[in-house]
Every structure is written in C-alpha cells, then in structure tokens.
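What follows is a set of notes on a single structure, which appears directly below.
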Amino acid sequence: MSTALGVLARFGAMIGLLLVNGVVLIYMLRKVLGRLHLRIGPNRVGPWGILQTINDVIKLLTKEDLRPDSADAWLFNIAPFLIFVPSFMAYIPLVFGPTLAVTSLDTGLLLAFALTSLVPLGVLMAGWSSNSKWSLLGGMRAAGLQIAYEVPLLLSALGPVMMAGSLDPVKIVAAQSGVWLGFIPRWFVLPQLIAFVVYAISSQAETQQTPFDMSEAESELITGFANEYGGMRFSFMYLAEFSNMFVVSAIGTMLFFGGWQLPWLATPAWLAPLVFMAKTYTGIFVMMWARGSLPRFRVDQMLSFCWKVLIPVSLAWVVLWACIQRLWPVVSVAVSR
Amino acid sequence: MPATRPADVLHACGIPFEASTEVLGEVVRLDVSLIADALAALEESGFDFLVDLFATDTGERLEVTWHLRAFAQRSDLYLKALVDYDGSAPSVWETYPAALYPEREAAELLGMTFTGHPNPKRLLTTDGTEPLLRKSVLIRTAEEVRRPS
Amino acid sequence: MTDEEHMGWQITSEGTQRPGPLPRGLRRIPRGVDELATEHLVLNMGPQHPSTHGVLHVLVELDGEEVIAAEASLGYLHRGIEKLAESRRYHQVPTLLDRADYLSGLHTETAWALTVEKLAGIEVPRKASWLRSLLMELNRYASHLVWIGTFGLDAGAMAPFLYIMRDREMILDVLEAITGSRMMFNYVRPGGVVADIPAGIDAKIREWLSHASGWLDENDALLGGNEIFRLRMNGTGVIDRTTALAFGMTGGCLRASGVDYDLRRDVPYCAYPELEFEVPTGQRGDNWDRYVVRVGEMRQCLRLIRQLLDGMPEGEFSSKRSRALKVPAGESYAAVESPRGELGIHLVSDGGLTPYRMRLRSPAYFNLAVVDEALAGGLIADAIVTLGSLDIVLGEIDR
Amino acid sequence: MALDRIAGEHSVVFIRSEQLFDLARANSLFYLSFGIACCAIEGLMSAGGPRFDYDRFGIFHRGSPRQTDVMIVAGTVNKKMAPVLRRLYDQMPEPKWVIAMGACASTGGPFREYPNVVLGVDTIVPVDIWVPGCPPRPESMQYAFTQLQDKIRAKTQERLDARDATR
C-alpha cells in the first residue's frame, strides 16, 4: 500500500515538475531571447512578467478546438499526445539527488533515449494527418533528421557509460564524485570532451532548436508540423518541445557534469536537487543562446553533417575510448615500473 | 556617340520608321507589325537591355513604348508603336525575356494582347476586371468612396 | 523524351504548348509532370507567409524538397498608383509614390521630381540637390538595414533582425526631424525640397555615424562571419550575367552578377557627380555575392553621408514656383539608383494640371521576374533565401 | 467551455470563470504576422523591435493563423487579396479580434478611388479596433492593443449588466 502511494506521489510530483518546468522555460525563453535581442521581454503580467506563460496557457486551453475538415481526425487528435507523453515519461530516469528519483532503473539511460526517440513518430503523424503541404514537409523533415541525429546522440553517451560501467543514471552520477589529481572534479566532460561536443550538437538537433529547427523552420514552413494545430493541442506540442529540452539537458548534466554533485564539496541532500536544476538550466540557457543567434542549416547540409561528420567522429571516439580504457591499467602499471 | 546608330540599323533592315530627338531622348516611331524585326535587329546591334515596356491610352489608340538601352554605349532608345483598342502587338519575350511581366501587365491593364506570349495570364488583377488604365475607365467619385456613417 | 525536348514544356492557362528553342538567359520554364511521371507537389508560397516579404505569391513545384519550377503571381497589393497619379496634381503625386516603395520613399520622390524638372525645365538650387542626396543615402542605409534583417530571418537567424532596429530607429529619428514623418516623407518636390534641415540635425547624424560602422561590422560578423550562413549562401541562387541582363535586373542584384553599372556614377544626378564613392561588384551572382555587394554598398553609404555632411552648401533649398505647377506637353524619363536598382519614372504630359500618364519603372518588378529561373534547381530553403536576396518590395512591384 | 450550459449564462460561476479567461486572453494576444503593405514595417517590424517591443505586453507573433488571436490588417486590401484575408480570418480559432491598421485598412486610404481597392476591411471581416494614420506609428499600435485589452476585459461588465437586466 505504502509503495503504491509512494509511486503515485512520485508520479504526481513528476507531472507537477513537468508543468512548472514548461511554464518556466517558456517564460525563460522569451526573457532570454528578449535580452539577447536588445529587448526586455514580457514584463507586464505579474512582477517581471512571471505570470505571462500562465496567461498564455489559460488562453490556449480555452481557445476553440479547431480541426481542419480534410484532416485525418483520429491521427490528428492523437498526435499531440504522442509527442507529449514520451517527453513526459522521459523524466522517469532522471536523478535529482542521492535518493531523489521517480524510480531507479538499471537501464534508465536506455529508457530515456528510447522514449525521446518516439517523438519523431508523433511529429510525422501530426504532419501527415494535418493534410497540409507545409505540415507534411515539416513532418517529413523531422522524421528524417531526428532519426539521423539519434545515432550520434546515443553513441556520444557511450563514453561516460563505459567510464561508469553502468547504464544506471544513479551509478553514472555516483561515479563522478571526488577529484582527479587532487583538484580536478571527476566530471566526465574532461576526458569525454569530444563525446560532449557531439552530444551537445545532436541534442540541439534532437530538440529541434535553431540551427537545426528544420521541422518548424519559421521562415520556410511557417510552423512546420504544428501548422494546423491551435489551442490546447498546440500548447501540448509547445510544452513537449520545452520538456524535451529539459530532458536532454538533464541527461547531459548527468552524463558529463556530475549530476547533482557540487565540485570539490560534499553535497547536502537538500541542496542536491537545486544543484541539479541549476546545472540543467545552464545547459538550457546555452541552447536558447544558440537558438537566438545562429542561422539555420539547410536540410541536406544538416543530414550530411550528421552522417559524414558526427557519426564517424562519435564512432571513432567510442572505439578509441574503449582501447584507452582497456589498455590504461597495463600502461599505468608499465609506467609505474 | 553610339558606335552603330539605331537609325542605321533599321535602315539596313529596310524597316520604315520616323526618328526624332525629344526631351525624352531618341525616339523611333514605327508600325506595330515591324516591331519584332526592329527589336531583333537592335538587339543584335548592341541594345541588349530592355529597361521598360508599357502602354499609354492616347484617347484614340494605345501607344506601346519599348525602352531599350545599350550598356556598352550608355545610350537609351525609345521605340513607339500605335495599337488599336483590343488590338495586338507581337510579344518580344524571345528577344528580351524582361518583357514577360510588363507585357502581361500592359495586356490586362489596357486591354490588348501580345501575340506569342508564352504565359498570357493576368498578372496583377483578377479575372473579369476591366482594363483599369484606359481613360474610359473612371476612378471612384467622392460619393462612391464615402462610407456610410 | 530527351531533356532538351522536354525543357520546352510549360503550363499556361490554355494548356501545354511548346514554344521552341529557349531564348538567351533562360534555362528552363515552368512545366508540369516530368518524364518519370512522378507526381510533383505544387506548393503555394504566400500570401501570408512571413518570409515572402509581403504579399508575393509564388507557385513552386516540388520534387521532394527540390524546386522543379517556380512562378510568381503578383497583384495582391495592386492599388493603382499609376492610375491615381493621373488625377493628382504634380505636387500631390509624391504622396502616392512614397507608398509605392515604402522602404525608400525618398528615392521615388526624387525620381518624380527629376522627371518633372526635366520636362518643365526647372532649375534646382545646389543645396536642394545636396539635401536630396543626403536624405537618399540615409534612406538607402535604412532600407538596406531592413534587407539585412529580413535576409537573416530568411536564413533562420533572429538576432540580426532585431539588431538592425537600433540603427534604423536612429535613422528614422533623423528623417523624422527633417521631413516630419518616419516613412511617408513627402519631402522632395519638383524644384527643390519642402524645408531646410533643422538646426542640430548635423550633430545628430554624426552621433549616429559614430556608431554606425561599428554596428554594421557587428551585424556583418553575426551573419557574414557565420559558417552556417556562408554554407547556405555560397553557390545558391546563381543568376549569371546573361540572365541578369536578359531579365532587366538592375541595382545590387545586377552588380552581384558582375555588371559594373550604377546610375549614381554612370548617369549622375543630384550631388553625386561631386562625391567620391566606389561601386562594389560581385562575380558569380549567387546569394553570397548579393550579400557582399549590399554590405559593401552600406559602407559606401556611410562614406557618402560623411562627404555630404561636410560639403553641404549654403543657399536656397527650393526654387520659387507656383502651387499649380504646369508642365509643357511632352514626355520625359528620369531614373535614380534606389536601394533595389534603377527606379525610373516615365511621365507623359498633355500640358494640363495633372499628368497624362505616369509609369513607374520599378526595379524590384524586373528583379523579381528572374525567380522563375533562379529558384529552379535549388531546395525549398534556397528558394526562400534567394527570394530574400532579391530585396523585393511588393508596394512597388504591384504598384 | 460548457460551463454556461451546466450552470447557466447568468451564474456567478460562469461569469467569474469567464472573467479569469478574459484576463488571460487580454494579456496574451498572439497576432498573425500578416503584413500587406507599408503598415507592416511600422506595425509589425518596428513594433516588435527593441525600441517598442510588443513582447512586454505578452503580444507575440505567430506565423500560422491557427495559433493566433488577433489579426492586424496592415495595409491596403484589394480585390485579389480580399478572399485570402477572409480565409485567413476563418482559419483563426475563436475568440478572435481584428485590428484595422491605418487608413488603407479602415477606408481604402489614399487609394480608395481606385476601383480595385476594397473600401475598408470591415466589408470583409468584423473589425474591433481602427487605428488612424498612414502609417500609424508603433506607439499608436501599442495604444490600439491596450484598447483591445480593455475591450476584452470589459466583457465581464457586459455579462453582469446582461444578468442584471434579466432580473
């Protein structure tokens, strides 16, 4: 009974976190973009405009629910949820503190990647069922690109996994405690710099942010796959986009930046979630920064960049790191003699 | 001074014309049936740029103007020909692709045709609009534009 | 069917026809279904699409993402400037012309004034010519700024669009102080200009100038210095020299294709014969060249504005003339180098109080005609960027 | 919401919940980035830029009509454009508002004498706010938006009045 209640409570907390996150992130995006673009951003609704997104959400939820006549009703209705639910479920394996996670899984990382890879399916479904040419082009682009970029995303995660020797996020984070040579924090980003760069690029592509926002390229396809969606369904898609951003940034934090741990110091349990959130939000800020300043790739350039650069580099790195890790004990023994 | 004067070019082709120098510049007036040949000859002789093409309603007929330019000599030339209302002039798009749009525009706004145009659709207005640039088509009066209060 | 045979096919309102060999400058013309009988997607780009710069409607035929053929459809902003000018007096016409090219109204106004002065034989005081040139250069800079911003937006970069607004607002402040309006100036009249520049504006322009070239470098670094942007621009939307000339392109687009022609230098008007400036040109005529040429032009603009401020003569700003200006019967044509190219006005007068016929030779109208050629063969993303690089203003295209 | 069907149109629950929704709607007006002519430069571009910054008021642009609340008709509408305008308006979900920006959208402006020009967009779509000017300055557009916000908020008072009238 108590375990069931505990699971329910955790799920409730997760949904709450998701909604708050979405709202905060949309507000943050508008503020960050505003500041990057010499503007102020929302500042009228509530102090510093913090209630802006809540207003937006209420408005979107009470909008008329429009569906184009020619749309495939069933697919059209289900697509936003197919985009939203996986990105929501990908919160499950996140580790917010030493004992703070929805559930601990041996293959948590695998689950997270598997869930995020479901999103293109929903995007394609939305693009196809809208029965609009623009949506279709957006959906097709998303399918082609997100599937392509999943490969380097997964490969780049293998380096830290090898270092920690586990797919369990809890163990990966735990393996990053302490210091090397007395002063360098044991964060995997240092030895795994190449993997981290690949991860950063492909996660930007995976979450459809500029310079990789092919599927909703504002100047090319208006809003891409979400073209025919308005009101509540659109707000779900929008929320999913930001939730995805949070997930990839959180996974990046766990893989490369020591998760909830402070460098050099022991982290008190109450501080751990805050540290984790701070690191994750810093990652999101960098993503927004790129979004606000870079132009967009062309679709063929982006695909060839993925297949010809990112995948070979990440594959080579995996092989190289495997060799290093295997040979290091031998070499170190030889050196010490 | 142009290397080859347009008058010489047209004489060489045996095209009858009337040349004059006005405030506008060098103007050549000729019959509309000869326009295609004249333009082809002029294009050969260095007038490689069509600056503009438009028609004017003179009250009795339509006057079509071809404004040419020789880039090498920096000289302009105006060809003018008269066309009846709802008459036709030859399309010169094969000599000057720049004429593709203005010919469509002149055709719909002044009610004439350009024979041989590859895409003789309306350019600016919707089907059924009268030729708006003709003097017989009047603009709205002050009463017509007044809004009911 | 061979490719050569096939190239002749096209869609017309009457059905498919074969016009024979293609003329100079044309590579292909719109066609229906290709030889494999794959069904192509016909996509309506605009109106109501943020990146088509107003209300341009382009029909593109897509094979996947590749553009097979494109055809522009105009007229969504056709509001009869040429017709209405026939019922306006000579000094009222600039009101309409301002709204034709709404990004650089002063150029259209000046073209009108030059045309009327040419036919009526009005002398213009030297100061008026200099003032016209100064304001035209300021306006050209403002117009190019909008172009850089929207071009960046087309390429997906949001930042330049908002960065250019700080320069633009400063220029608009200056223009407002001089002319009284931010966009619809109605400042240049036949015979001179409406008013002298107010006191203190010189310092204001110089203050802007002290920032402008730094800001231009910043915008240039944000776009032109970006690797992604270069990848997108190099080799796309190529318009070669022959095509550009055949389609009557002028201005920056023509210069990017390697034709060294600038009305300010070659057919001088206003104060330009007395000024020193260079005309930047490109070679290949791709999007990158058009970008480089326009940015180069902006640098020349700053140079010209400095010279104009330094050498501004004293004297009358307008010649004496009556309100009811009468122009002798006849025709005249005068053109200025607007930010988009040769903006000419052809005036036919019958000696009355109003023009008999006014024809606006709009540069963007001719530059746009090339889309049918330039878009084909690229991807849809290239098509958007190429359209943006032509710097079209629908107000003067549809008139 | 189906609240009016359950609780009745004059119920406190319905009026108060609608008041909340109206407040949200007033503060989150997404406009359709639909520039037709000169006014688009002032009303959509400059106004979104650093000096005027609509985003402060929660006014933001969206490209797709399905996601917008306000349509700013910024420019001259002619007979070729009119069906497009109507179609875009029909694609917007309720509740929706229209701002006729500038003289052209309001009456045809300087081009009203030309037979091809529509004499004001209120002949095509219902207009909520008219903005004078040719083109209106960005400040005028901000004022127009605050007026629209007031108009949306005033709905509650209208509902209360309607309730009192039936009593």
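A, B, C and D label the chains in the order they appear, each numbered from 1.
In this section, contacts are C-beta pairs under 8 Å (C-beta built on N, C-alpha and C of every residue); 3 or more make two chains touch, one makes a residue touch a chain.
Quantities reported herein were computed from a predicted structural model and do not represent experimental measurements.
Among the other chains, the CA centroid farthest from that of chain A is the one of B.
Here the CA centre of chain C is 32 Å from the CA centre of chain D. One finds 44 Å separating the Cα centroids of chain B and chain D. Centre-to-centre separation of chain A and chain B, using mean CA positions: 61 Å. Counting partner chains per residue, chain A shows two or more touched chains at residues 37-39, 218, 222. In chain D, the residues touching two or more other chains are 49-50, 63, 80, 113-116.
In chain C, the residues that touch at least two other chains are 49-50, 75, 78, 80, 83-84, 87, 162, 165-166.
Arrangement of the chains shown, judged by which pairs touch: an irregular graph that fits none of the line, ring, star or complete shapes. Applying the touch definition to all chain combinations yields A-C, A-D, B-C, B-D, C-D. Within the complex formed with chain C, the chain D residues making contact are 32-38, 40-42, 45-46, 48-51, 63, 65, 75-76, 78, 80-81, 84, 88, 104, 110-111, 113-117, 134-135, 137.
Those residues of chain C that touch chain D in the shared complex are 47-50, 54-55, 75-81, 83-84, 87, 95-96, 99, 102-103, 146, 149, 162, 165-166, 168-169, 172, 182-184, 394-395. Within the complex formed with chain B, the residues of chain C that make contact are 10, 12-14, 17, 19, 23-26, 29-30, 71, 73-75, 78, 80, 82-84, 87, 118-119, 245-248, 259, 261, 266-267, 330-333, 342, 344, 346, 348, 356-357, 359, 361, 365-366, 368-369, 398. Interface residues of chain A facing chain C in the complex, by the touch rule stated above, are 33, 36-39, 133-134, 137, 141, 210-211, 213, 217-220, 222, 291-301. Remark: chain C residues 41, 43, 49-51, 65, 152-159, 162-163, 165-166, 222-223, 226, 228-229, 231-232, 379-382, 384 touch chain A in the complex.
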